[in-house]
Amino acid sequence: MAPQPFGTLKGFGVTFRQIFRKPITEQYPEFKRAVYPRFRGRHMLHRHENGLEKCVGCSLCAAACPSDCIRVVAAENTADNRVSAGERYARIYEINMSRCIFCGYCELACPFDAITLGNQFEISEYSRDDLIYTKDMLLTEPIKRVPVQDADLFDTPIPAYKTSS
Amino acid sequence: MSVIERTTKIYEGSRIPSPIPTTLQVDTSKHALEDILTINFGPNHPSTHGVLRLVVDLDGEMVAGLSAVIGYLHTGFEKTMEQKTWWKCITYPERIDYVSFQVNELAFVLAIEKLLGIDVPRKATWMRMCLSELTRIHSHLVWLGTSALELGAISMFWYTFDDRDATLDLFEMVCGTRMHTRYFQAGGLAEDIPEGFYAQARAWCKKMPKAIDEYEAILDRNAIWLKRTKGIGLLSADDAIALGQSGPVLRASGVNWDLRKNMPYLAYDEVSFDVPVFHEGDVYARYRVHMEEMRESVRIVTQCLDRLEEMRGEPWIADDRKVVLPPREELHTSMESLIHHFKIVTEGYVVPEGEVYSCVESPRGEFGVYVVSDGGPKPWRVKFRAPSFVALQATATCMTDAAIADMIAVVGSLDGVMGEVDR
Amino acid sequence: MTAYDDVPGLVETTGSHGETTLVIDSSRIVEACTHLRDDLGFNFLSDVTPTDYLGWGGRGVSGYIGTTAGRDLHGPGTQGLARVPDAKPKRFAVNYHALRLSDDPVRVRLQVWLDDGEEVDSVVPVWPTADWFEREAWDMFGIVFRGHPNLVRILMEDDWEGHPLRKDYPIGGEPVRFSGAE
Amino acid sequence: MSLVPHVLLSSGVNGEPWWIAIVKAFIVINLVLVTFAYLTLAERKIMGRMQLRYGPNRAGPFGLLQPIADLVKLIRKESFFPAAAIDVLYIFSPFLAAFTALCTFSVIPWGPGWEIGGYQINGYVADLPIALLLIFAIGSIGIYGFILGGWSSDSKYALLGSMRTCAQLVSYEVALALSVLGVVLMSRSLSLVDIVAAQANETWYVLPQFVGFVVFLMAGTAETARAPFDLPEAEQELVAGYHTEYGGMRFGLFSMSEYINLITLSALCVTLFLGGWHGPLFPGPIWFLLKLFFLLFLFIWVRTTVPRLRYDQLMRFGWKVLLPVATLNAVVTAILVVAL
């Protein structure tokens, strides 16, 4: 095929037009794009309203994890040390976030909605040891917050595990 | 399917180099051996799609010999999957070809369902189709951006990735992650479709054809682009079939073969779309096939949306308590559901003994999964038939009379994703 | 099924899940493939897949419960573990997934059974695409394909020891890193 | 006095003292360096906007301190060199490239000249009767920097890069020189000052010499190894071409010389075809800069849009298209000039 000089010029027009369009870049650290309600980010452990932990240490999340990144060691609740609402509680609950693939199977598996994957995605650290999240870290509200899209519009008609049960 | 008559002859007979089909050896009668410069292209090189290593014998600028060395991204997916339950395995296939994640997942889920003999609700089927086509467009956009970048058209990369982001937004809304979604589960979908999906997907469907027009405005008539892609990396229909090529590479060589059309799965026989076929067998034809396929995929997505909107409120996953996790709200009320939940999560569901080969048309061609089950909760053997793995076999055959720059164009047009090649 | 009766070296024809499997005598695989390609039109080789059946049937497995076809509990009270899967003739199976790339597409699986150390003829002369597949099979399972033009490792390093996808290949002992708190 | 070259002593046709020329040379060099620094920023900004992004905007307001940040980064980098490199040549080549690039700007006229404090200050550093030839001559020496740099760093990619540079620059030099022949014929001078003056009297040479102008731009793009002729450093093929093995400020010098060559070439194009510093309303240097920036924008725009040519296509284009067209243009101009 013969070269088409005018066809080539058409491309110049396209690139030139883009100058007047708004760039798609998002100025990240200042501006954070709102994630959708189903977004699976950093894990969170939850408490009941009375302060007791929802996690009963059943290890179902650890069993469900395809990358084996959850470790749960359970202990019995006693009368003077009641941590969770069930018979047992998670004495040690750790997630190795450098292994986690954010599949969300742990929140699917958890029968008590004790663990969910939150919306926070800023979880990079300088050291691998810092990426091993302990129970205390997972129970406290994350410091970094990201905006979330309107949940009414985007979530399922039947609210699944994202909202508390 | 038929091999379309070629209007122009590509080349006579077969060019598959002999005796070793997949390496091109220096023809000592043509090239003086002391002039040959052997260069390693890769595994770390700007345009090797990750970690492909090409050992190239150069005679000046011309490629005299070539062999592809792979395995730098071998992570043993198939071995790992033998250690996991079927349920957990679903998270693996999508990480193999990280660009066409959803289609790979579909192939594996279809294999499980074939063994289980489970009935999938129609809503799940149509949503699977919808997401597969979105994945195809996503993959083609990545391909277009990177391939154009490799030929020096740098701006394409940003334009395509803009639209790719819009596509991934849809995935994030529905599946929770932008890639690697594990949204397809044996029996249907993991969750219902969010209400906001329809409107946003429709807006996307409106925008996409215009975006494709814009890409074509930059590339399609560009004299340099035509010069760089036409007549480069020729592969005849016979050679393409003999080398097991599939997908866009095969269709660019004039073979009208598309699994969606010829061996329909899901509900592809209920939607109308065309299979673009080009007969030139060169890089330009492969580019054209990719562009046309994106248009057709938008058509399919639109039809899927029409059907899905009629299916609002229908179940999205089979009601099979031995395979599917029980509904969330039953966990607190029904003991039986809780037991099933525990059994599926800890032991995994069992899949009847047997072996199946299930294949889908991935953006790169025939993506097949061969699965053997011994009747236990874990697969006995999983093997992926990766189209990029096969496509890379054709590098040497395409690379006759090619310069270095052509080599980059050809390897780009074969669209290898190294994660899939090495698995 | 009659279409495949003339395939050289055909041992048996089985079918399940809508797929046809032809078990072929391992010494006549090239003949069978050539027949399939030239006489039956199977011009496209999708895949070459070996499977290691070492330890197959070593433990009871449960049948699948709750299909639309009915229930199969293998006897109540056994947890469904009364049955073992059907025994396999030899350790390795090599499956060739051939496809007739035509207007009436058909898939067929050729299956060859091999013992450890047994060799099989390469089908590269029949379908050139088998080249890398057979190299991969050698790399991962140690199955030797006689007459292959370049049977070297493809995914693993050249000096790798062992064949990783064999069932007796030890799998990694890299522990997952946790804080170590007790 | 005898240490100062004769060129400088006789520099002013209007009798400008030689030391003014030296001060001016110093100022011009620094101005060129600043232009280079902000050209890199402008290129990234313009390319960014064409690619739907902002370009650098973190260092300083609107990213204006980005060139300085780049400089600091380059200087602070370890200046290693490969063990197998021929070290003298390896270290010498970036300097050669940068020096020659800076040299050529001296003969470009950028203003009418002024009289300040009784001293005549000309709008150029030097006016040579052979200024045009000097530019080409020095430019040809500069190519050695690229070739030697690639060859001496003992890397196959760098070697391929310098092979390409060698062939490409030598080929396009021919077309480039022939394309300006028409201008020389029309103005009957090789001095750039005379050429500008001739354009002020008649018309800008871009109109009668449009073919020459187009050929000059294309050959010039190739000469400065810009897209679509950026084969010597085709990133997707040769990683970085001849400066693959260079790092730190040595790489910076190569990069600088490329950009300065581009500036010089655009300035030359302005001088030869676009009437130099002449223009209504504004003073000369402003017009000169405006025209320069227009051309630089053109180069950036081209780089954003088109893919890269292949090596043999590049050679074919140079020898089979540009060279005959340039020759024909020169011949036709010669006939017309003689006939009219």
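Quick notes
Read from first to last, the chains carry the letters A, B, C and D; within each, the first residue is number 1.
Everything below uses one rule, namely that a residue touches a chain if its C-beta (ideal position, glycine included) is under 8 Å from a C-beta of that chain, and two chains touch if they have at least 3 such contacts.
This structure is a prediction, so every number in the text was calculated from the model and none was measured.
Most remote chain with respect to chain C, judged by CA-atom centres, is D.
Set against one another, A-C and A-B show the most C-beta pairs in contact at A-B. Chain A and chain C, compared by their mean Cα positions, are separated by 39 Å. A straight line joining the Cα centres of chain A and chain B is 27 Å long. Remark: chain C and chain D have CA centroids separated by 64 Å (rounded to whole angstrom). Chain centres here are Cα means. That of chain B falls 46 Å from that of chain D. Chain contacts: chain B has residues 155, 158-159, 162, 218-219, 222, 224, 227 touching two or more partner chains. Within chain C, contacts with two or more other chains are made by no residue at all.
Residue positions of chain D with contacts to 2 or more other chains are 50-53, 304-306. Pairwise chain contacts present here: A-B, A-C, A-D, B-C, B-D [touch as defined]. Residues of chain A that touch chain C in their complex: 68-69, 71, 73, 92, 94, 96, 98-99, 128-129, 132, 134.
Across the interface of their complex, chain D is touched by residues 8, 11-12, 14-16, 18-19, 21, 23-25, 27 of chain A.
Of all residues in chain D, only 46, 48-54, 301-302, 304-306 touch chain A in the complex they form.
Of all the residues in chain D, the ones that touch chain B in their complex are 47, 50-53, 156-157, 159-160, 164, 227-228, 230-231, 234-239, 303-313. Interface residues of chain C facing chain A in the complex, by the touch rule stated above, are 176-179, 181-182.
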